[in-house]
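Note that chain A is present in both complexes that follow, paired respectively with chain B and with chain C.
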Partner chain A sequence: MSDDIKVPSVLVENASKWYGQVIGINDVSLAIEGGVTGILGPNGAGKSTLFKLLMGRIKPNQGSVKLFGIDPWEDTSPYRRIGYVSESERLYDWMTGQDFVSTLARLHGMTRNEADSRAEHVLEFVGLYDVRHKEIGKYSKGMRQRVKIAHALVHDPDLIILDEPLHGCDPIARTSIMNVIKELGNQGKTVLVSSHILEEIERITEQIVILHNGRLLALGNIYAIRDLLDKHPHRIMITTEEPRKLANAFIGEEPIYGVRFPEEGKLEIQTNDLSAAHSVLPRVIVESEVKVSRIDNPDDNLESLLEYLIGG
Partner chain B sequence: MSEDLIDLDGGQTRMEAAYGSDDGDEDLFAITAKREASVGAIFEQNYRPWDGDFGPRWVRNYAIFRHHVFGLFSSKGHRNYNPFIRLTILVIFIGAISPIAMLFFSSLFGAEPDGFIDKMWGVNRSNLWGQVLGYFPRNLCYWPLLTALVVGGMISDDRRNGTSAIYFSRPVTRVDYTMMKYLSVAVVLGFVIIFSYMLYYTLAIVFKGEGWGFLIDTLPMFLAGLLCSILLVITYTSIGLALSSISQSRFFSAIAFLSIIYGTKLVALLIDLQFETSILYILSPYDCLAHFGQWMLGLELNYSHSLSLSVVSLILMNLVSILVLVSRVSSLEVTRE
Partner chain C sequence: MTEIDKQGRNLSTTVWTQLDRKAGAITELTIRQLRNRISTWVVLGVGVLLISLLLVFYIDSIRDEFEPYDNDGDSEDWDNDGYPLGQENIYGTSDYDEFNFPGSSEYIYQGDVDWNDQPRTHEGNHTWYYAWGYFNPIWIDVNASNPFIYNYDWIDWSLGDYFCEEEGLGSDPFEIGPNGYYGFENIDRNYCQFENGTYIMFGAAFSGEGEFFVEPGWNTEWGYVTESFFVEKHPKSMYIDEDDIDWDGTSVSSSQGFDDDGDCLKDDYLVESTPSDSNRNGIYCDVQWTYDQYGNLISIRADSNVDEDPDDSRHIGESSHRTFIIGTGKIAFVMLLGLFLPLFLALGLVRDESENGTLHYLLSKPIHRGEFILYRLLGYLAIVVSYTVILTFIIAFITSIIGPGESIIRLSDYPVWMGISLSTILVLIAYGSVFNTVGLVLPRYGVYLCILFGVWEFLMGLFTITIPSSDITMLSISHWAIQIIDATVMIAWSDTPLMQQQADAFGLETGISFFWHPPVHTLGTGSPFVALIISVVFILIFSLGMILIGQLIFRKKEIM
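Moving on, here comes the complex of A and B:
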């Protein structure tokens, strides 16, 4: 075989995993190489199962999983090139960030000096250098997430798998972690990051994988997938004291093709073009002189995207 | 508010101004409009690749081993043992080497050979057996408590906290993980049990100024005792770690270990007293070891049943424990969370 053929970092071929009667992953095939890829799906979609398959913690009932061309269930050598941040993984709270990362570096076979030096660097990279000598038990949630990322990076992996790294973080910590993830992608590393919040992933990457009920639902560029959503009616929910007056004002506007009154004091506008609808919205509201207290886009979330994709 | 603070071109400000209908709408061009706020430059990202070489398998395994063993002395970068556990282990160690102090004082005061102190603490068959396998205080108080304290949490903490993921997401196999946990427990137990035994024998010779003749006479007995102490460490480690791998609670493994050691002994004792048969002692790990030890050191046997039954029982106990341990470690992280 020619050496020119590059083996993808992650190759999943027709993989299925069942837990008794429960389907974890059902006939999923993926090949991922380079950059940041978001793994999206609601709770129970199979994201963690996919990651566990990748990490060799479970074996697929059918199909195969390969990391750098090697089955991780059979051979742990790919883990030299992988950094993994588990969603549920707890830390050694009595250790300082520096000791923790350094200790785990030694599990990769680094010497003490190498481990200490490398730990300092990755802690600096994730913004924990100043608090590296503080016990992890005293870290905030965002700092704990970052120290998890630091320990996953300490051996300079080529593939980084992050299971819900933004879960429970405050906005500043989220921004910090997102910056770290983006930077890793820019460095040419393959980064898989899971989340059930579309907006979080959207800020990190355009490349996404959507899972639902263990099946691969969509794969590719986030905007291309969103285009699928735009072919379905979008809803804009307006809370106002005069919904009927406002509805009259909207009728006849180009992007609006229907209105509804789902409950008292609410007006639902239906459109095929969300952007165009939002561009006419301010003008129509101002011209109608109706007081508006709230505007929502109930469709603008992952659940709606999934709903449309499932419903075809 | 100055114009540069307002995102006049951005959609958000205009939307808020347009949709706001309450009094004081003019104030709504507020803070959210500042575009820079969403950029979020919190710190510098400067990632430097690492171009060093990874050490071989034994270096990785040594890292696991030292994490657990060195933790007894310092929590810095190592496993965190409760100070009470450290103190108890120290007390047990001091208790285990207490005969050395008696021998030291007897040598200072020039006690008579074959006198009371020599009989009680000097090197002979009974005392060599007793240093490892004596029931009180060693196998009633010291060794079971020591094992319970060391194995409690050794694997169960990983199972409960998910910290086994820390190992299994690295090039550490389950075999390495199990072996290093086993070795760590065995080394700690061995340090207290075997090392105190060796120290006792060596210092007894030194303090009493014994010569080569004494050494030649007693060395086979010492080696027999050494073999028994190794067997004891292996057996207690196997049972203790198997129990630690079963549960998510460190207390379960500790209490279960003590229950097995004391419970089987108590039941066998009651049956022995009632029916005058020692056969049920084959269920007691301690008694199997004691039986074997008595035979190895040439002491009069306290048990009426065949030695081979105790030996077979001992082998089975270890095998079953190791099978349970392997099976439970194999299932770590494998089940659906």
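Moving on, here comes the complex of A and C:
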């Protein structure tokens, strides 16, 4: 075991992968060991490519990928210690949860009995113990995500990789999955979680990696990123029949420093402090007695944050 | 041998038992997946339907075709006396005369005085026949019934005595009378009596004791008429299939055949006559088979009434039964089930997993991709092999019970069915590995390639059945699979070639010469075992090669 400590669980060195003309990831280097790490990036940033490289499904064009010091493209032995939850929502719907988890557990070389008892254990851990004999096809979306997580945990892995585990879940399922992930981190496992929504990652971990256009953009603590996000100029788009009347009402409010009328029936207000702006917004609208049909935050997404971060 | 790995486990348990468990898990998963698909059940069901239809056809034809056939026609009774020709032949009676039948009284020749014989007098108690001359009776039977086939020369005693003098016949009947006729031609009887009691007979037949004087240039014949006795009438069916082919199959020109029913040898026959040697090979009642130096049959010359009525219910029945099994094995099992099962079950073994987006569950486990392919194929094989074995056993069981033969179960069928099963299983392995690999390489259009491949295999299979020695067919799997069946037939039913030649020689219409040929690839030994082993090894090597190619491709394939 002393050998393992020296090598990081995940080690990516100058890895590049392109599909014809399209770049998947570009010269990414990364070493991860211990705790929960969020992999953050908009759609198409290279998260899935990175995970496919880690799971040995594709081969890097340049650089190297190592899991516990072993190249997963050449050797599947690291998967004894890895649990992987893919973003795919497809499951064997005709199987029961118990069946699914224990069948896949047997692929780790467990006997049928071992696999069955381990499956019960992990299904209890993800909160599916009561429905473990129901067919997966009858599971809700959140239950399906959790059964996927259960299968990845069944062999008690040291490294768990979750690709968009919260995607499409309702708030309750989201909370319970987040708790599972946090608990895994507390148990001392290395966990990689990808998402394209900052708030989700924020609630799970402080340690994040940001990918953008295939490049590794930032690696560090989430609070630094959050500060950047709050300070970066935001636009709020309000759709209303009387934009000019509403614009008057906003003049003089502290966090707002400018207004524009980009098109007929729309008002754009500009702010440096998004949360403050949101706190005055309801009051101003009510006081102005203008009918508002829609409020959009075009800048409150990862894409615009990343544009801002790279100075775009 | 107690190697211990890092976790302190015995290495033999970690490597081998885990491998075994993984294989079991993937195989089991594959079986369950296939079981959960409707298309699996449809294709398996269609297979059962096909075999059931063939069985119905078999049961139907076994009733029609095994009707015995009277090849030599001796079950007919042309004169309607109730005795078939075969029975009349035994007793030497005629089947064209209703009064001449087994047991009917019969004139037996004893002697004669020819027109130029000496002496001219014979004395005795006889039935006289075609008598020309003077008869001086001690007694003469006036009431005897006519024992002859043709009764016109039997003296019609019912007309009463007829005196020669009254008709004006002189002492010399050959004297030319006033009308330019011989004397006897003036009377309309074939006899008359002189006043001294002597009769003169003009070609008459009669019974009596006395002295018969034959004038020079005249003649008479005498004998006796047997007592009539009752002979049981044989049923016509006794004379159907009564003289089987007795050819022992030695492929050299020789005397073969035996007169089973004795109608050539005339043993135990009432009529004494010389047995036939119409083929003039110096042997009575045999069949001469003549081959050329290449072993081709040139001629069959049989002495009359030898091997003339083959046992159809045995020959046609037996060869039809074999034809059915061989044809079913080659076409239904190898060429249809062998192609369609893998097309539906093996093509998508890995491809479907990839298309369904569930492949990653299996590949994110510590399993080599090559192993994965192998275990998937094992799962597929577990289903199709057990299906084939069960189906073969069912059809084997039914046909072996209702098939021809005296025994309750035709045990000799089972090795052939095992050969068919083996051949089908090997084909399922070979096509399964091909289709699985094609599915991997060309996930979208692979099915068309597989169909093309299937058409090729089917055509080559048909060619192999019709022209087994053609070289091009060796480039197909079906050719070698059919070889396996041909070889097992040769092993289990070693008299099949003989049966074929008999069928050809005697014009017995069965498909056995079409559906079966002796195995070709025997390396010159002629041994079916060699052909069997070569074919099995060929298919196995091909399958392993295809699995290896599939593993190599899958190993290098990036899974998006």
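Everything below uses one rule, namely that the second predicted complex is superposed on the first by the 230 of 312 C-alpha atoms of A that agree within 3 Å, B and C clash if a C-alpha of one lies under 4 Å from a C-alpha of the other, contacts with A are read in each partner's own complex, and residues count from 1 in each chain.
By our rule, contacts are C-beta pairs under 8 Å (C-beta built on N, C-alpha and C of every residue); 3 or more make two chains touch, one makes a residue touch a chain.
Everything numeric here is computed off the predicted structure, so don't read it as measured data.
Q: Taking chain A as the common reference for superposition, should the pair chain B and chain C be classed as clashing or as fitting?
A: Partners clash after overlay.
Q: Applying the touch criterion given at the start, work out whether A:R57 contacts chain B, chain C, both or neither, answering first, second, both or neither.
A: both
Q: Contacts for A:E183 in the overlay, against chain B (first) and chain C (second): which applies, first, second, both or neither?
A: First partner only.
Q: Of chain B and chain C, which one touches more of chain A's residues?
A: Looking at chain A, the partner in contact with more of its residues is B.
Q: Touch test for A:I285: chain B only (first), chain C only (second), both, or neither?
A: A:I285: touches chain B, not chain C.
Q: Determine, under the contact definition given at the top, whether A:F261 touches first (chain B), second (chain C), both, or neither.
A: Neither chain B nor chain C is touched by A:F261.
Q: For A:W94, decide between first (touching chain B), second (touching chain C), both and neither.
A: Touch status of A:W94: both partners.
Q: Clash-wise, after the superposition, say which stretch of chain B runs into chain C: 1-9, 37-45 or 55-63.
A: 55-63
Q: Show which residues of chain A both chain B and chain C reach, each in its own complex.
A: 52, 55-58, 76-77, 79-80, 82, 84, 86, 88-92, 94-95, 103-104, 106-111, 151-152
Q: Note which residues of chain A are touching chain C in the complex, please.
A: 1, 52, 55-59, 76-80, 82, 84, 86, 88-92, 94-95, 103-104, 106-111, 151-152
Q: If we count contacts the way the header does, which residues on chain C are in touch with chain A in the complex?
A: Residues of chain C touching chain A: 6, 14, 17-19, 21-22, 24-26, 28-29, 32-33, 36, 356-358, 360-369, 558-560.
Q: Quick one: which bits of chain A touch chain B in the complex? Just the residue numbers, please.
A: The touching residues are 19, 22, 24, 48-49, 52, 55-58, 76-77, 79-80, 82-84, 86, 88-92, 94-96, 99, 102-104, 106-111, 114, 118, 121, 124-125, 127, 151-153, 155-156, 172, 175-176, 178-180, 183-184, 187, 278, 281-282, 285-286, 290-293, 295.
Q: Help me check something: in the complex, which residues belonging to chain B touch chain A?
A: 11, 14-15, 18-19, 21-22, 40-43, 45-52, 54-57, 59-60, 63-64, 67, 75-78, 80, 161-163, 165-173, 333-337
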